[in-house]
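Note that subunit A is present in both complexes that follow, paired respectively with subunit B and with subunit C.
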Partner chain A sequence: MDTLLVILVDGIVYSSWLFLVAAGLTLVYGVMKILNMAHGSMYAIGAYSAASFVGWYFSADYVPWASYFFFIGCALAGGVIAGLLVERGVLRLMYGSDEVVMILVTYGVLLILEDVTKLIWGVDAYFAYQPYGLLGRTKVMGITFANYDLYLIGVSVTVGALMWYGLNRTRNGKMLRAVIHDREISMAMGINVTRTFIITFVLGSALGALAGGLTAPALSVVPGIGIEIIILAFAVVVIGGLGSVEGAAVGAILVGISRAIAVHTFPEIELFVIYGVMALVLSVRPRGLFVTATARKI
Partner chain B sequence: MVKSNSFGRRVQFLAIFFSFVFLAVGSGPNSAQAADDSKFTVGVVTFLSGGAAGPFGVPSKNAADLVIETLNEGKMPAPYDSKGIAGMTIEAEVVDEAGGGTKQVGEYRNLVQRKNVDAVIGYISSGDCLAIAPVAEEMQALTIFFDCGTPRIFEENSYKYVFRTGLTATIDSVAAARYILDQKPDLKTVAGINQNYAWGHDSWNDFEASIKVLKPDVEVVTEQFPKIYAGQYGAEISALMLKDPEVIHSSFWGGDMEGLVLQGSARGLFEGRTGILTTGETAMFRLASEMPEGTVLGARGPFGVYAPSNDLNDWLRTEYTKRYDTPPTYPAYKMTQAILGLKSAVEKAAKGKEGKPSTEEIIAAFENLEFEAPSGTVRMSLGKGHQAIQEMVYGQFTNEGGKPGVKNVKRYPAECVNPPDGITSVEWIQKGLKQTECK
Partner chain C sequence: MEYFRRTNSFFAAAFVLLLAVGLMAPNWFSYLTTISLAKALVVIGLVILLRAGLVSFGQGLYYCLGGYSVGIAGHYLQWTDGFLVLLIAMVVSGIVAAILGLLLCRYREIFFAMLTMAFSMILYGILVKSVGLGSTDGFNIHSVSFFGWEPGTDKLGLIVYFLACLAALIVAVLMHRYFHSPVGFAGEAIRENEIRVEYLGVSPNRIIFSKYILAAVLAGAGGGLTALASGHVDPEMAYWTTSGEFVFVALLSGTAHVAAVFIAAFLFEIIRTYAFDLAPYNWQMILGATLLLIIFFLPKGLWSIFTIRRAGGGVK
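After this line comes the complex of A and B, so read on.
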């Protein structure tokens, strides 16, 4: 029973992190039909921005608690700026291209941004560990958890709820869903699709950077962290169904819980489990769990 | 008239074309080799990008820059106080090791055939070493591996052109097992968390086998193998805490090791349990405030904080710290060791002769060589004189007084942690670590 509860907590903590990483990716695909490989770079930029700020902030001996607002703000700012530059500088020139071409374009952007992060931050590791330990610990069935990780569950649920509310209960969200459903009709109805695209891509990038920023305190921020994460995020959104926020949430929970079970019971299959779950879901529902059948346009 | 102009242009074009061809051929390997006996060109291959760049690649590249510059100025302490290598100025061609074995084979061929280097020093990844060794043999190019750890290089093959001045990974695990049993003779339970690829599995298998040989009643309570660069180890840490071993072994390196330290410390993983980090020395200064007191740290040899007191070590520590504002970690020591080994071999080969010694002469001098390094005396004793052995050292991290250091340091003689020549590491461990001197 103790082990089961610990598996559940581990699974939910990991799922919440996965959802934060995958949320922006699925949003951008849902609205723009772009499988944004550069999402990993946004994660890295968020992590580096936060780590740089934390390093400076704590060396300056300011009030520790205030650091949370600022380093999260720094990560978001990094994501917004990078997202805006990528959308205005590259993607807008490629709209209308085939989805496969867009994957290649964003992959190119990922590689470029990898080098840009190296130019800005170098190859040495950055640390931002102070906020991680500041929140203390909690014991669950005799096992100690970092409160920072437990609070991330709350952040993840909040982000998911805001995304759901924004898409389903606001005027702008309805306009966004109209664009998702039919871009041409939306334009004909007077929706500014270009503006919608800019906002969506910047929001998606900011979410990626937020995930990176929030993860930075538990990590050594090193080159390549963005590339590692994109494969995992891709698995999560594919399980849930590309473009579905609810799907990303369920995909994250499925992967997180399955992985935690594997780590505690059969650690040697931990890596296989993530992609095993993906293969199993796709064999039953090839377009993912939450993608409904759509009428073919003639 | 028109025809004549056209013909003239063709002649002009052909003349220019052949001039370029002539120049290109003329500046090729053979002419350069014949032309310049005043330079000794070394290809330096190390990670300049990717996850291994920060902890390993950059310190080794920094050390290469510092050592080559100082040797060229003739300002190294004795016995390396002569200028360059055998009077020749050392020139370095630096290459990024990132990209995997296939890319590295291409880069290696480029270094040997186009850049016409006299020797190649490099390779941190064991996969890269395994890919490069047969190519070096095929191209008959002198190659020195400075860091990669797999014992398979010389245990499964016999190479003439390949040397390794760094130590094998076997000694990390064997010495770790000996050290932890010396510290905890009543040890009952151990667990492992290692990366899910060859390095992690080999390290754990060697450690587990050594522990079982030295104290058969020790129980392994869990073995965790997360993916390399996974970053998040929450579930693994919980699993380790649930099984509650006395000792946790990890050969994690770089960002993965640092992530494990950060997350493990925040959750109290190392409270009441002793961690053994076989590459932990690279993080002891950067993460001094987060590294748990008493953690057993390895430096993959007598490097870094474990280097003995001598003039070469004093020089390296002082000059490296002065230039790069951080003390040299073990990759810096290992790169320095490779360059000094090469200098010793070339100078031995060049003694009493004129001009640059041939590759064959350098190889003859390098085999079974003994040379001095900041880490002490290095003996090329294994692999028919191509593989270095040295003592192995472990100690426990301490941050008493806010000054990171090591305590309870124990040194194991080379013969105590290395198999005798001709026996593979696995066989040696399985047969009970016999034929060793551990006095």
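After this line comes the complex of A and C, so read on.
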């Protein structure tokens, strides 16, 4: 019974983290049809910005509680700047290419950004454990868990809810969905598609950086975290169906819970399970859970 | 036929040249060439799929399978004949591809890329956790023999180099034929318009299935050769960044000609070695920038430099 509860809590924490990582990726794909490999770098940039800020902030003896606003802000700022640079500097030149070519373009951007982070932050590990320790731990029904993890769940749910509300209940969201549905017609209807693209990509990058920034206190920030994360995010997004926010949420929960079960019962198959679930879902529903099949065109 | 004869004599000349270079060049150079020839075999498989419009982000799966087959055959089964272990590597890859291919041949575009990537990550996940196979460190390969003759460790590098050259020659000749065969052209037809191919009475899935197996067998051979040359295998061979490298080389070479793949693979190893030497923390940036430049300016790969000149010069 205890293990079951631990699995559930662990699974939910991991799922909410996965959703944060995948949300930006699925948004960018949905609107721009770009499967953005550089999303992993945005995650790394967010993590590094947050970690270096936390290190500086806590050594300078300011009010510790205020750091929660600032380090998230720092991560978001990093993501916005990097996103703008990538969209205006590279992707803009490649719009209209094949989807697979766009993956390769973002792969090139990923390789470049990997080393840019090394140039800016060096190759040593960064630690930003203070915000994690600050919130303490709670004991519920015999299980202790870190309050920071609860905070993570809260942020993840908030982000999901905001995205749902923004897409489904606001004017801008409606325009965005029009662009998703048919780029050319919405252009003809007077929607500024270029601006929509910029905003979407920057938003997606900021979400990736936010995920990185929020993870920074829970682990050490080292080179290569972006490369690890990006395929995890791919798995989540592909399971749910590319471009679907609800899909990303369901994919995150599926992967998160199955990984938690694996970790607590057969730790040997931890990595296997994530991609196993992905292969299984894709073999039953080739386009993911939340995407309906489209007719083939001659 | 004239066309094949000319290309084949070109391949044969390149083969003789490579052998001569191998006898004279320093060890590091022949090692680098061996690795690039081995990787070129993998990339030719990728090019076969690319010609049908499919990008596999998981050729590392078969590259790794080939390497581990060679390692396991020598280490645990005591089979040490170089030709035999390479054959095993190819057969194992072929069998696994025949099973996965049944599923994969129904997928296209991004979904094909993602699913192939998932399968190679599954192998990575299994290998990382299997302590008997050395977990993340991998294990060393037993020294190999050739028909009962055991070259010493000092000669082994050169022998493997010759073996790689021979494999490259065979693959180059056969694949050049394959590209110009009806099945080879069917790939391009599928890329252009799949439904029309169906109307012609040909099953695209079946053709993709056969191409996928062929690509896997080539990748298995490449992985086996790499294992023999470096004397070591580890799970990194199945990680997605390895597969990414192969895609990179395939993009560099383009799909126009088999020879372009070998040139591109060699160039890639050179760029990587020098970039890594000159700027250990920035070599990925150099690679990434190169990739973007190729996509911008040479979207059809290196070989298009030659074809553009030919068209402009009005020779043909």
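Here is the rule we go by: the second predicted complex is superposed on the first by the 291 of 298 C-alpha atoms of A that agree within 3 Å, B and C clash if a C-alpha of one lies under 4 Å from a C-alpha of the other, contacts with A are read in each partner's own complex, and residues count from 1 in each chain.
Convention: contacts are C-beta pairs under 8 Å (C-beta built on N, C-alpha and C of every residue); 3 or more make two chains touch, one makes a residue touch a chain.
Keep in mind it's a predicted model, so treat the numbers as computed, not measured.
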item: Partner chain in contact with A:238 - subunit B first, subunit C second, else both or neither; value: second
item: Which of subunit B and subunit C A:276 touches, first, second, both or neither; value: second
item: Subunit B versus subunit C as contact partner of A:268, first or second or both or neither; value: both
item: Partner chain(s) touched by A:14 [first = subunit B, second = subunit C, both, neither]; value: first
item: Partner chain in contact with A:286 - subunit B first, subunit C second, else both or neither; value: second
item: Which superposed partner A:3 touches (first subunit B, second subunit C, both, neither); value: first
item: Which superposed partner A:144 touches (first subunit B, second subunit C, both, neither); value: first
item: Partner chain(s) touched by A:87 [first = subunit B, second = subunit C, both, neither]; value: neither
item: Doubly contacted residues of subunit A, that is, touched by subunit B and again by subunit C; value: 118, 123, 267-268, 270-271
item: Residues of subunit A defined as touching subunit B within the complex; value: 2-3, 6-7, 9-11, 13-14, 17, 118, 123-125, 127, 129, 132-133, 137, 142-146, 148-149, 215, 217-225, 228-229, 259-260, 263-264, 267-268, 270-271
item: Residue ranges of subunit A touching subunit C (in the complex, touch as defined); value: 35, 90, 93-94, 99-101, 103-105, 107-116, 118-119, 123, 227, 231, 234-235, 238, 242, 267-272, 274-276, 278-279, 282-283, 286-287, 296, 298
item: Residues of subunit C touching subunit A in the complex; value: 55, 103, 106-107, 109-111, 113-115, 117-119, 121-122, 124-126, 128-130, 193-196, 240-241, 244, 247-248, 251, 281-285, 287-289, 291-292, 295-296, 299
item: Residue ranges of subunit B in contact with subunit A within the complex; value: 48-51, 53-55, 57-58, 196, 222-227, 229-232, 234-236, 238-239, 241-242, 254-256, 258-259, 262-263, 265-268, 286-287, 290
